[in-house]
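Chain lettering (A, B, C and D) follows the sequence in which the chains are written, and residue indices restart at 1 in each chain.
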Amino acid sequence: MKKPFILVNLKTYSESIGQSAHRIARAVEDVSNESGVQIGIAPMYMDIHPVSMHYSIPVYAQHADGVGAGTFTGHVTAESLKIAGAVGSLVNHSERRLTLAQIEGSIQALRLQSMSTVVCTNNEMTSRAAAALKPDYVAIEPPELIGSGISVSKANPEIIKNSVSAIREVNDSVKILTGAGIQSGECVRIALDLGTDGVLLASSVVKASDPAFVLRDLVSQL
Amino acid sequence: MKKPFILVNLKTYSESIGQSAHRIARAVEDVSNESGVQIGIAPMYMDIHPVSMHYSIPVYAQHADGVGAGTFTGHVTAESLKIAGAVGSLVNHSERRLTLAQIEGSIQALRLQSMSTVVCTNNEMTSRAAAALKPDYVAIEPPELIGSGISVSKANPEIIKNSVSAIREVNDSVKILTGAGIQSGECVRIALDLGTDGVLLASSVVKASDPAFVLRDLVSQL
Amino acid sequence: MKKPFILVNLKTYSESIGQSAHRIARAVEDVSNESGVQIGIAPMYMDIHPVSMHYSIPVYAQHADGVGAGTFTGHVTAESLKIAGAVGSLVNHSERRLTLAQIEGSIQALRLQSMSTVVCTNNEMTSRAAAALKPDYVAIEPPELIGSGISVSKANPEIIKNSVSAIREVNDSVKILTGAGIQSGECVRIALDLGTDGVLLASSVVKASDPAFVLRDLVSQL
Amino acid sequence: MKKPFILVNLKTYSESIGQSAHRIARAVEDVSNESGVQIGIAPMYMDIHPVSMHYSIPVYAQHADGVGAGTFTGHVTAESLKIAGAVGSLVNHSERRLTLAQIEGSIQALRLQSMSTVVCTNNEMTSRAAAALKPDYVAIEPPELIGSGISVSKANPEIIKNSVSAIREVNDSVKILTGAGIQSGECVRIALDLGTDGVLLASSVVKASDPAFVLRDLVSQL
């Protein structure tokens, strides 16, 4: 039976910087240990090093540039993420879109560091194209639902089902996440039933007064 | 036997504006009529209307935004290109890269107008991803060779062969062009032998003192 | 007494392409002749040539890239705009933002062709910076009001007054336009009273069933 | 007598990540203490927290987005930089250009956190525009000389002199840095004589086998 993956994107919420990133990381670690479900966290760049030092959870970057070492002021290299303790990165998140050539460059740069790649997409056709690039994960997030509080798995199951089918036409083995509005164990359950391997979510955990409580609910039906 | 397609990109060369666009368009029309080979032209936006009015050749835009009508000052809509007489557009040219979502949006917008789509790519993996979007054409152009005077078909036949194979894994029917440094009938012949359906080229025609002479050479081995 | 300037941006509205651009251009020419007020038009790229051929009105581009001739597929050069009949261009419109270096490059490229430059800005400080670049016009448009139907001159006269003052600290002679929600002669009158030299507007003219009627109202209090 | 400022940009050089950032920070701290000259460092994002914890030197970010808290995955907020220990940020570096509105937004966001702003520019006119935005520093770096090993203060003193004059026309008090190819105490001396308040440099320190040796030379004529 497949093991689902839950990835918590901390975005730039004020509830997720510095000590608050630690607060969420601790909840992630606790619930992951209790449940045996793999849960990752994607904090802001500056929190990658401290979070990866203090917690035994997979730490992802929110973005990685497909550039190597050198004269790329302000950019984020895979090598520097690896050294800071990250095990992977989101690529092409809807809030940080990249050109096709940049997406491919980012995947190659992360792979060179043996890091995991989660390419975000917005619909069936872009999911198909992302899958053709052979990343580790494709994460389908209909932009209109992100942060809406309306779960993609309930509001728009067709887009997930169709995207899963479209992806499988070009790639048998890539893992598939979905996101946008995921907030309960039921949402996660439905997402998996629709053929995905997990979820990508943010506000429902980050903005919770008790993140562990929400995380326990998210894994409750697995 | 398949009919090859030659697409001449006028870029923003000073030799290709206004009356000079007409000069090249006339050569394209003449050689196309003589040889029976389909040859298209992609002039700057302002020359699309006059060129498409005066010559019986397929006129392409150099870029199209995947936006609809409305508040998109400075953008280029598929509808406005269609009205001006274009039959298709380059999308994601190496000199005008787009995000994955924008490429997909551009393809959909052009398709809605029944226009042809030529998505440009830089290597094997991005060609595979572009093909997964089901455009009419994928045009593979290794960026380091564009405008170099070194023909991709001679300098780097492996990238064409591998890209053709990679594309065919995800898309049986998309047509394939290649470009970068194409300058003679031999280059075109090799490109077709490597499995492509034609070529995309620019400087060797635009900067020629006699564009018809170069075009005649280009079609000479077909 | 200063002569005001009214610039009508056709954006990518479906009511402004091809023959519809002509319809608006004719209204602009008529009202300009009747009133003696200088009124310009900024159609989509493909309509620049036909509109500038058929009407004796100043035709502006909606955007110009600060690149020269050469390998800039999909870009818009000042030289090609000039040849097509444009006398100037919007630069950095809120729907087509540019980097600071690109804004400066665009101004230089247009100036080299003796074309007029209208740099769009969003607030007091960016208006000050744009004025420091010495364009012909700075056009202040609070983004939150663009297309809102709420006139900047009534809703937010302070931003205009403060921007005019800020601009004058660094540039004595640049002309100043304002825009966003301008729809009547009263709006134009207020804009001029606040120290501007004219207005930039779009939807109220483009989407009017009778553009000449709206234009006559706009110039009615001058 | 004015106190010069030297800012060392670590870019994404492989010689400047993790422990290597510490190596350079230690040299900066040593030479700063010995000489009394204020020397800052701009490491990659992940190294901001550890470097600012371990060394008593001003730590700058290489870039800051002018966005607030919220849904800006992959972006860098001023608040998160402040919490990580940064005292300021480069803005609009030539390797990370921003739109005019973004530059202004970044300055406002950093100022709200009482952080220092260093806006990078490429020539006389953009320096004038940047100064009009009232940042703490304008850093003039002719792009063609960055990383060239040819010092702007020797190769192109006119651009510095003219930029200083242009800046002073619109802003009496902004401090001015210059950069590109700075590698010796003589370069720094000339830069100050031309009216600047210090230098921005990278490779000559980062790639040195003994960064402290180079830094001692840089401050030797102050």
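The rule is simple: contacts are C-beta pairs under 8 Å (C-beta built on N, C-alpha and C of every residue); 3 or more make two chains touch, one makes a residue touch a chain.
Since we're looking at a predicted model, the values are computed, not measured.
Of the two chain pairs considered here, B-C and C-D, the higher C-beta contact count falls to B-C. At the interface between chain A and chain B, two copies of one sequence, more than half of the residue numbers in use appear on both sides, so the contact is built from largely the same positions.
Rounded to a whole number, the gap between the C-alpha centres of chain B and chain D is 43 angstrom. Centre to centre, using the average C-alpha position, chain C and chain D are separated by 37 Å. For the pair chain B and chain C, the distance between C-alpha centroids works out to 34 Å.
With touch defined as above, chain B holds no residue shared between interfaces to two or more other chains.
Those residues of chain D whose C-beta lies close enough to touch chain A in the complex are 9, 11-14, 17-18, 42, 44-50, 62-63, 67-77, 79-81, 83-84, 90, 93-96, 146-147, 202. For chain D in complex with chain C, the residues that touch the partner chain are 92, 97-104, 107-108, 121-123, 125-126, 128-134, 169-170.
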